[in-house]
Amino acid sequence: MAGLKYMSGFGNEFASEDSRCPGSLPEGQNNPQVCPYGLYAEQLSGSAFTCPRSTNKRSWLYRILPSVRHKPFSPMSCGDLTESWNEVEPDPNQLRWKPFNIPKSSEKKVDFILGLHTVCGAGDSKSRNGIAIHMYTCNTSMIDKCFQNADGDLLIVPQQGEILITTEFGKMMVEPNEICVIQQGMRFSVDVFRETRGYILEVFGAHFELPDLGPIGANGLANPRDFQTPVAWYEDHTVAIGYTIVNKYQGKLFSCQQDFSPFNVVAWHGNYTPYKYNLENFMVINCVAFDHADPSIFTVLTAKSTHDVLNNAVSNRHSCLSHPSAWL
Amino acid sequence: MAGLKYMSGFGNEFASEDSRCPGSLPEGQNNPQVCPYGLYAEQLSGSAFTCPRSTNKRSWLYRILPSVRHKPFSPMSCGDLTESWNEVEPDPNQLRWKPFNIPKSSEKKVDFILGLHTVCGAGDSKSRNGIAIHMYTCNTSMIDKCFQNADGDLLIVPQQGEILITTEFGKMMVEPNEICVIQQGMRFSVDVFRETRGYILEVFGAHFELPDLGPIGANGLANPRDFQTPVAWYEDHTVAIGYTIVNKYQGKLFSCQQDFSPFNVVAWHGNYTPYKYNLENFMVINCVAFDHADPSIFTVLTAKSTHDVLNNAVSNRHSCLSHPSAWL
Amino acid sequence: MAGLKYMSGFGNEFASEDSRCPGSLPEGQNNPQVCPYGLYAEQLSGSAFTCPRSTNKRSWLYRILPSVRHKPFSPMSCGDLTESWNEVEPDPNQLRWKPFNIPKSSEKKVDFILGLHTVCGAGDSKSRNGIAIHMYTCNTSMIDKCFQNADGDLLIVPQQGEILITTEFGKMMVEPNEICVIQQGMRFSVDVFRETRGYILEVFGAHFELPDLGPIGANGLANPRDFQTPVAWYEDHTVAIGYTIVNKYQGKLFSCQQDFSPFNVVAWHGNYTPYKYNLENFMVINCVAFDHADPSIFTVLTAKSTHDVLNNAVSNRHSCLSHPSAWL
Amino acid sequence: MAGLKYMSGFGNEFASEDSRCPGSLPEGQNNPQVCPYGLYAEQLSGSAFTCPRSTNKRSWLYRILPSVRHKPFSPMSCGDLTESWNEVEPDPNQLRWKPFNIPKSSEKKVDFILGLHTVCGAGDSKSRNGIAIHMYTCNTSMIDKCFQNADGDLLIVPQQGEILITTEFGKMMVEPNEICVIQQGMRFSVDVFRETRGYILEVFGAHFELPDLGPIGANGLANPRDFQTPVAWYEDHTVAIGYTIVNKYQGKLFSCQQDFSPFNVVAWHGNYTPYKYNLENFMVINCVAFDHADPSIFTVLTAKSTHDVLNNAVSNRHSCLSHPSAWL
Amino acid sequence: MAGLKYMSGFGNEFASEDSRCPGSLPEGQNNPQVCPYGLYAEQLSGSAFTCPRSTNKRSWLYRILPSVRHKPFSPMSCGDLTESWNEVEPDPNQLRWKPFNIPKSSEKKVDFILGLHTVCGAGDSKSRNGIAIHMYTCNTSMIDKCFQNADGDLLIVPQQGEILITTEFGKMMVEPNEICVIQQGMRFSVDVFRETRGYILEVFGAHFELPDLGPIGANGLANPRDFQTPVAWYEDHTVAIGYTIVNKYQGKLFSCQQDFSPFNVVAWHGNYTPYKYNLENFMVINCVAFDHADPSIFTVLTAKSTHDVLNNAVSNRHSCLSHPSAWL
Amino acid sequence: MAGLKYMSGFGNEFASEDSRCPGSLPEGQNNPQVCPYGLYAEQLSGSAFTCPRSTNKRSWLYRILPSVRHKPFSPMSCGDLTESWNEVEPDPNQLRWKPFNIPKSSEKKVDFILGLHTVCGAGDSKSRNGIAIHMYTCNTSMIDKCFQNADGDLLIVPQQGEILITTEFGKMMVEPNEICVIQQGMRFSVDVFRETRGYILEVFGAHFELPDLGPIGANGLANPRDFQTPVAWYEDHTVAIGYTIVNKYQGKLFSCQQDFSPFNVVAWHGNYTPYKYNLENFMVINCVAFDHADPSIFTVLTAKSTHDVLNNAVSNRHSCLSHPSAWL
């Protein structure tokens, strides 16, 4: 997978077609009566239609079969995933977690979906406000199965073991010290190569963006050119026994079957895509004479709350700590 | 009722007095020590007092008896009205409803209030965020009874049968292909003339407004002059056996009695009023060369969410559909 | 002229037609292929087409002959009107003016245009930023002549003698202790009835609006319902010897001829209109316990500058003064 | 306690050191490697780190021992404090309370914390949106015990009996007709001198601020210079049997022990502080000619909601009332 | 030149290197101590350093020799270029121009710079506010000469004859019915192939952007993916007799000499670039039932004024016209 | 002058009274009928009355005689001060100045006003937009003479020789490596102690403010607590031969006489004051891993332009430079 290609930039209007189908991306219009190669045109919206330019997000996907051609969804077990934190008693003490154990693949095959554990959260996905923090621990790739989160964006931080993510937009290899974002409603499948573990930050009702830099100027922290978006890749793959789509919707899991791979997007264009970032590229900035800056100086990406004042927790007491690593 | 008169404009500072009481509207001040005809002055606020001009909503009503002169409210059955959607299991499948049956008036007398059924919703009225969708099916006019929604604005869309709405501000006849809005806290009574059915969109914590048009320019979609507001009309009507006020408050119904009709407003002025609109006046705009626009191009009215990005649902997959009718 | 009628409200979407031509206002659309009575439809824009609703200003006028049917403009003498204040030496001293003398009509016939004197100003009309202050002194009505200011809005404050203003939108009688606003590009003619004098505040690049009231709440200072807009009135009046249009454009006067009265608008609708206000209706607010408020508490109308901080002059030294009259 | 000193101003960048330790406030930097007198530097944040200047709130405290040196928190009884208003049935009738009885100190010793009763509320502290209204009735000072509210700011209005509030920032004496604000996360202890009663308004997710005054101008209502902030005061006080910290966190009470007084801050600087205000200094403004203004004209402090339109309750019916006292 | 390549998207963070120098674009940082191939790193800023993300514009150029290595500028003749419109008398009449004659190349060699004629304008470049409209007529390519406009952005509209524009960012061929934008400070040279003529719109103090679309939704008018930006191209070209740089600065022309071509940028990245657009890709939207929309519906690009209300001219009278072509 | 005291904080609501007149500051109101000691109350406004809190600037001064008690102003020579840069030919070359010579006091007595030289500028003070840069070179203190700039704020940067500035608010000693700001309309006098030279940045129509810090967080660059404001100091000083006030108004100098010192303010309070800052306190922040930040990272104070995009110059080409000193 060393040969994976990416396009650089954050929030660009990207365009990509699989080189096996030259001309598959319609030119000069989004929605021809007949698309090249007989493909189906679909728009995937990441914002209200009426958002101003700087927050309007959508992509057009040209695929072999339409994404709606699946059987009905039915509920499935949520395992250790939950959104019911209101049922947990609050605890004002400082907490710490021991590393979650990764099951041995020789004992139990666990893929990315089965290996999801919710750690904590606030708000809820129905009212489109809040966040959740999950861990994943797995030892097996997802086979003829994909995941789709209808509730929000997933920022995935591998801690042990690289993960190969196949999406409707193409493939990304994400290694420890890299992060990636799969936005709301994008279907993806995760391949792993060993015992694998990582963190997930889920945000409801907002997308991640680069922070404004103020006096730092036009360059600094995470530079937009260092974000990488996959190039179009498709498989025309029939799955007689059924391809499974798992959908997280309002905090619960649902699954349905279809008889083909959802990774059948031959070409796409738009500014609503998955992407990854290597933390080594973070242009670290800090005090160089005396004192030290607040940890917000290590912000890579931010997802704005509707409370201006409360973008992160308030009323914290800070003693003097060092923050050696980037702050997401 | 062919003779009903309306004033044109959206959000105007209207002024109206019943022609039976010339001079009933105080001139040059809102709140004289003694009002003409001994009327009582009341302000009905539709926004915080301190809102800037463009969102500050209130009207002054001059009435025969004050609106507070009623007996205490007590709870009553909510029938098929509910706000408890958090108790319903989520379902990610696409849903569709068969038309709700309208009860035969020969079998059971059902008026507008009894005929309310909640279909779905999100958020809640207490935190003043969210919406609900209801149907109404009825066959009988409301007699000595009025309704008042303390929870939000009601956009009413008759589907079968015209409805005659008497409000504190006057009377409106609303027919299929017309829509009307009764804003939070306004008392109204509904007369029907046959088996009658329609839709209601309720919004909590926001008022409907005309969308900004951007490059469309100064004219287009729903033009403000085509909105119609009733003229003042009152009845000086004593109801010995008791006039019933039904109040929806935090999603529940309550009722109280008073001994006179609440439609005793002789004159009023202000920019917080009920209004109606005929969809035939919608100035349709769309692509004229190739492709088609998103369905937001059919917006008649909008009620802004506090999430900029999320004025309507995000992350939808759209195949190519035609949208022949206006989008509310 | 006691019989003049007005519509009440500030910034309303008004609609009016001359009662001599019932049905002259097109219904349900602005621009029919053939207008009622064969009238010509014209849009008069008071803002960029793309302004958001709260600042988008335009009216549709339905007239007997189009307004462009005039001969070319040629320069004429500007008399005492000027925009060349950059050529005047600055003077930091406090200044005061004696009343301008009004010429005797027995000596010299002076109408409103001839009687204009510029007192001072800042900015310029070309870059659409700034204001000018003028006086008018006159003794004669304008005959077959109208004025149009292409440079900005005129707030007219009669000090001695009422003025009857005929506009494309109808007629207004404005007396001392009243004020009126004729917005940019509106044609008008002034009739006077004695020796007459008043003040004019001209603003370039902004329209007058009611100030937001903040904690004062929903009522107070100049209430919107006390503003009065004329009703449609037209004359179908041929002027063989030529009707004169005087145009102030970039600070200079130009005139042209046409063979009919410009006051030929039979019906109109829109939110860009002339209006008047009686200062007696000002709902005065001030300190009732100790100290006194800044004179901004007497604001009737405001025209916002692009400098937030500098809506009026800065760095003034104030001793304790009483401000007995309204502050414009 | 007549000798208590205060610093004047609202939202100032204050700086204060206890006169017993001259030079205890580090100069020219916030966080020296070694602070004067060996003090510990702590930042107490009242907003997200990244807020713009006008809403960025934080103070630096220099203390004898760090505030984290306490034993773990454990739940305790909440008494009459609650945040579970969703479990209460709604009631649309107008309500009124009789004064809460103050327990006799001869019968039962009740301090400020034990004497808290929740009256009503809306929203919740977890999602950082909403308010609660509490009463306090007490007869005994808090001994070796302090309170800290992790959920929001407390606006305290003594109704009977003055209260002496010791905070990490210093001491304030607050008497009836004065109000004070203890912001989120600040530790304080209350001494009383008789049977004592008052009101508390708690806001989640916003801080109190002075309202913009609009046309009222640069002076009026509550003037910033009349707000008073305490000066630094510390005690180096060991409590062998244990000093108790009571923490309200997500609507529940928790307590922990430490062996020293938390009021060990020798010097501090910043703009996040407790403060008090005497209502006699309110510069009352109202109508002086006719009508009366909405009660928002009596606003002392405001805490903005995220709904612009809904800063206070909407859709109220107002008859004519007088509002003799200041409106918080 | 059929082989010219472009990158698609509007305002993207582009990255490009000339294929003759693989690896010339530094990875993971902007400004290494030693750049690949010994290139010089330069940042070209198109906005204040401190602008928020959505308006922050800059590119990094990696070049063979630094751009500052030129001899001093000296004034040269401005020909028919001017910024002194304040010296022209205003004229309120509607104006029209006959086509400008193109000089015959057999009679007089005229290149793009010599062929510039100012038609009109407003504001001035020094205060960074306003626009100018120019024509160009030419018959000869620019030889060892480039142009740079320090005053604003140039939107170039070829009317007759295609133009080949060589820029520091690469080459663009622009034909009639295409438009291109060369932003402030970018050096470029124009080759022509016949008698050539076109229009130029210059804006001071703002960059062109795509208009927000409001209810039109996520697609429509000029779609971002149809804008084309050149790919990196360089020449390592010594010009012994002197390469001429012509600089328009505060409305006047200056020239200087250097001994190498300025088109020596081997690689670059950033979001401040030249671009072109083919008007055939404009997704036309208009009324489809009755009336017609304002001409703003044909907006391709917009450059915002600081007056919200006045993005384009106000107070125009419009009769009914058809606007068959795109409106810039 | 080692004993000069200052109050710390930026933009605080300060209050100060000269210790010789205890109680001279009125309590609980700004404008008593009779002030303590018979002082005169004056408000000095630094912004429009109607600005929101965060930009509303004014102070109340309590003085022995009112500031208006002076004779009329008359023009005086402007020396090397000018605002007529439009008359200078533009020059696009990079410029540099040799140090201005300081006249020997033995040869010619030159005070601060006589020693002002304008270097360059843009915009103009009349339209309240733009800046000017001046030098001062002087060798003599101002005797019975003060300066007042009606055109904007002065940021003064001593380069050689400390200056003692007496203002209406008190005295400040400003040494090289310190800066100070005298805001619009404040009277001040400068004492020098040797041959003295420095820079002045004048801004029209905006005040200096601390930049928002974005991800830098709540601390960093110039911290608000390190700004210093003088304490009240007055002299009751009669000047029989006349005290001279020099006023810069619209770019020209004017002078007038009065028979007493203007530094007769016994007490004052407010947030519109002069202040100084020592550059040693600047908390320097920069890149600590690779590359370097734009020079905006050295911003001490900023004065916002009305063009968002153009807070500082655009379209600059930057090679790699080090910026060893703070950037104002």
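Each chain carries a letter (A, B, C, D, E and F) given by its place in the written order, and its residues are counted from 1.
The rule is short, and it goes like this: a residue touches a chain if its C-beta (ideal position, glycine included) is under 8 Å from a C-beta of that chain, and two chains touch if they have at least 3 such contacts.
These are the chains along with the protein names UniProt gives them: A, B, C, D, E, F = Homogentisate 1,2-dioxygenase.
Please read these numbers as outputs of a predicted model, since none were measured by experiment.
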Looking at the contacts, which chains touch chain C (Homogentisate 1,2-dioxygenase) and chain F (Homogentisate 1,2-dioxygenase) alike? D, E
Name, by label, each chain that touches both members of the pair chain A (Homogentisate 1,2-dioxygenase) and chain E (Homogentisate 1,2-dioxygenase). B, F
Superposing the Cα trace of chain A (Homogentisate 1,2-dioxygenase) on that of its twin chain B (Homogentisate 1,2-dioxygenase) calls for a rotation in degrees, to the nearest 5, of 120
If I list every residue number at the interface of chain D (Homogentisate 1,2-dioxygenase) and chain F (Homogentisate 1,2-dioxygenase), are over half of them used by both copies, so same, or under half, so different? same
Distance in whole angstrom between the CA centres of chain A (Homogentisate 1,2-dioxygenase) and chain D (Homogentisate 1,2-dioxygenase) is 41
Centre to centre, by mean C-alpha position, how many angstrom separate chain A (Homogentisate 1,2-dioxygenase) and chain F (Homogentisate 1,2-dioxygenase)? 52
Expressed in whole Å, how far the mean CA point of chain D (Homogentisate 1,2-dioxygenase) lies from that of chain E (Homogentisate 1,2-dioxygenase) is 58
For chain F (Homogentisate 1,2-dioxygenase), residues that touch 2 or more chains besides their own: 29-30, 43, 45, 47, 49-51, 129, 211-215, 217-219, 283, 290-291, 294-296, 299, 306
Specify the contact topology among the chains shown, as one of line, ring, star, complete or other. other
Touching pairs of chains, all of them, please. A-B, A-D, A-E, A-F, B-C, B-D, B-E, C-D, C-E, C-F, D-F, E-F
Would you pull the chain E (Homogentisate 1,2-dioxygenase) residues touching chain C (Homogentisate 1,2-dioxygenase) in the complex into a rising list? 86, 89-93, 122-123, 129-130, 211, 290-292, 294-296, 299, 302, 306-320
Touch list for chain E (Homogentisate 1,2-dioxygenase) against partner chain B (Homogentisate 1,2-dioxygenase), complex: 211-221, 282-291, 293-297, 299
The residues of chain B (Homogentisate 1,2-dioxygenase) that touch chain D (Homogentisate 1,2-dioxygenase) in their complex are 29-32, 40-51, 55, 66-68, 72-73, 75, 126-129, 150, 183-185, 205-207, 247, 249-252, 254, 306
Touching residues (chain side chain B (Homogentisate 1,2-dioxygenase), partner chain C (Homogentisate 1,2-dioxygenase)) in the complex: 8-15, 28-30, 43, 45, 47, 49-54, 56, 58, 209-210, 212-215, 217-219, 223-226, 269, 271, 280-281, 283
